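Per-chain residue numbering starts at 1, and chain names A, B, C and D are given in the order in which the chains are listed.
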């Protein structure tokens, strides 16, 4: 038995790239945080510090920046360009490229823009704290594209219950038929290969918007008996609507809002005054998948082991 | 010469209060982070641990929660209620009550709500990371009301220059006639006493929205020769528009976006590819005030020493 | 083909538990952040909101707190107790229990303590920002114990080179034979079953201290030709020293410290003045494993897919 | 009445400077985060974007880095050098220079270092999360030096009570004669001019260490009837010990540790199992000063209005 190098990857993380499209007076801003990681035959650098095959992480950063000169398109297509570039090197047999995108909205000024549309041509205000995410994974089986979103904070002020759970020695939680349900949705969905190969930037952008809207609508409209039920319904709705999404995974904290007991002050509290607790929080994580004719879902796709945290 | 207790204050910080107005099926959510601090004759607890006069910070928290039972109104009016309540105690001669408010938007579902308006009746998504702020200060001279906003992140992709600055031994920055200008606006404005006394929740809400819009529009429309110029213009615009705002203070980091040098890769970069640096950042802070007939602005209002950081 | 629930888990995250051992005047403080997540047959709650089998996350929190009444021991043994408790329920077929531990040191006062030792008996100051971590994973194959550490920030001011890497169109990084090497070490090591079954709290504590010391010493003493080499050496040293550790994984950002160019100011800079960059950063991740007689390492242990991020 | 520029300052914030002293094989590392802000006649840039007098924030950063070439000494003396440099410019009439310092300890390797001392010569591990701070303030009256510390997290597991406070309609907190007392100490102390003028780097370093030790010892040894009492005792101890410290201000959150009610589980809890709450927290802030023969403390020193938050 001897000691050997196992799975490994390396790269440059969190390259903050802002691309301005200024071909007309009506600018567009694309604001990204990009991480590039390579896998392959990098045993020499680990064992002896021989860097002959090591594409420097600084070079990876430069490549990200240089590629942006031609435009970004969608985060998914930009990451695919990066992946294909690095995979040309023989020692690179796989990798992982990831992007977070921050939203910007045009500042409303009352004056029409260069194209007659609303909002300022080149002044922007940052939108919600939520982020759009994308990930391209490469291994021997080829390229896989995930899209996702992070920290979409949502809240229902009614239409949520939690009851019927077992009561053991350590159970004190009362049942409730009306509570606040709040979470920060993080989701990743995997496109099947046919979509990923054919889609252009506009397809990815449009699809992202459609999935985000569907997740929110489903959260809003389901009368929820458990956060698990909401999470599963959100995932199912996406798979039902889009046949070319192979599976989706969601990770949703239960951001507890406790009804404040106002009785000591001689007051009732009919679902109006809440304390928003920070920690601890519930944490609900689930994959929604497609089964084959045999009812089985097949082995786990290797991309998920690189995401971590919720399987 | 002897050792004595100087200025002091104490209270409960960051009470996370969520209030749901549910008198109709169309709920409203008010999401606040409230800090209550008292000043006065608290020498005994400091010197000997005699707590006879100490209104417990837990009691201050309870009071915040109990008062929310009657509704919040605007953050400014809610803080004024708290201030007046605590100031009744003889040992309390002053204090400071502060709120941050987080924005929620109705989830768009395509179905009209209970009042026929757009968006879901009781499902919400968190808006921008920016926060609305409010502060009530009490001292012997009475109550002072500040309103503000924090972390309104804005960016201009052109329309910003920086040149003409002196060059000494340590100057390497090139002049530029076209750069990205980006900042996170934090502002506090002080209402004069006449506005503060007369205003109801709707007045405060409306005024907040108007000041926010004016700050953004001014940032967008000014061709900027320095972030200082933008900051001063933003503050001036507010004072010009609203005679009952006595002064305004702004603190604005210069979130540097450096044009990436693509020449080593045989590429030009006509203002398109930027690196968004984190630290260090410029930091521009200024007050805009009104002068009297003698051109003087009078002594600094004591509320500012409790804000800190930018005077 | 139909839509089905895939892998899922749920629980309570970040239960902040502080346990004081006060059987003598010389108190001991154990400060933990604990997450409990269950896996098993939870289809009903996802599909229909039937919570009959759902051990409430609040109950999981209560259980953590109640179990602490008997003492914590080491984080590993405490998590094992929790795991075994929840696994008794028939619907629970697996799970994941995780702890972070924060260090406290006795405040030095010059007076000997109740046991004659140095430092105050019941007053403590928080130590380094680094955290000790532990994780127990349960699946059909039984229990697996990981131990680890997070954010152990280390720096070498010399004894680090980086050269010999390939130069392509996008390479601008100069080679260097003397640089600062700095990282925040995150590591997880997996105990083999024999150690995990036999070890008591003192064994886990002692082993943690020994592995931490070995990681640091190896980082310090290796003349580093690449961060990859340091990472691999650190992992190898642990496997060499401790036969009952099956494998170790490390994730190490390269916290770049750039030598400042002082030439414009007429100054040299012989490795003395550095700018500590934040983002982007390099990111080096590797597993160090044991191979069998055939040189193969066997399939990936399922625990790793729950860690994420660095395989 | 017209609109005018009020107080203002600008500069470069958070210059992360790492200085390695390598005159012998036994290196020393000084790790600082420095902010430089200037005040003076900067009306032109605000009103018209005329930058003739504006020492660029980039130049301020360069100056920080260039000055480090000669060594840092102590943070206080380094900031004084910067202040005196910038104050030479006629348009600069004041300013504010601030530093945070991060601690590094030598990695223990068992081998004596180049000077025979313990720990590695050039490999370091980051110490506690706490930071040493320093601030130099310049105005017409000259230079003022503050020293301080931030986020020194301390905890007493007994020796703390809280009772005797008034009970009103909103009071529910029970009295307690044994609780955990925990806080993150932030303190700033002001040296009188005679110390500030005469002190060299070693004096500042030694004094910092002595004040820190005294703050911790006092926290540890006082049987506390209120956090206010502990805070005042800590401040008083410093003024008593060091005649050349003019005043000290402390800001201390009360990091609540709530005794968990284990009765529902049939267990007692004699001060052993606690829940460490995050928000809300108490917040205790006080200045400790010297009074003159008339018992008065004189007007507030202008430096404090630039610190903010706790007076």
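Note that in this section contacts are C-beta pairs under 8 Å (C-beta built on N, C-alpha and C of every residue); 3 or more make two chains touch, one makes a residue touch a chain.
This is a predicted model, so every value here is computed, not measured.
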- Item | Most distant chain from chain B, judged by the mean position of its C-alpha atoms | C
- Does C-D or A-D have the larger number of C-beta pairs in contact? C-D
- Rounded Å distance, chain A centre to chain D centre (Cα mean): 39
- Message: Just the number, please: Cα centre separation of chain A and chain C in whole Å.
- Response: 24
- Between chain C and chain D, what is the separation of their C-alpha centroids in Å? 31
- Please set out, as single numbers or ranges, the residues of chain D touching at least two other chains. 15-16, 62, 66, 170, 172, 264-265, 278-279
- Considering the complex alone, what residue numbers of chain C touch chain B? 169-170, 172, 264-266, 278-279
- Query: Can you list the chain C residues touching chain A in their complex?
  - Reply: 1-16, 35, 37, 42, 45-59, 61-63, 66, 161-166, 168, 170-173, 224-226, 228-229, 231-232, 236, 239-240, 247, 249, 253-254, 279-293, 295, 297, 300, 304-311
- Report the residues of chain B in contact with chain A in the complex, numbered from low to high. 15-22, 27, 29, 31, 62, 65-66, 68-69, 104, 107-110, 120, 122-130, 152-159, 180, 213, 216-217, 219-221, 257, 260, 262, 264-265, 267, 269-278
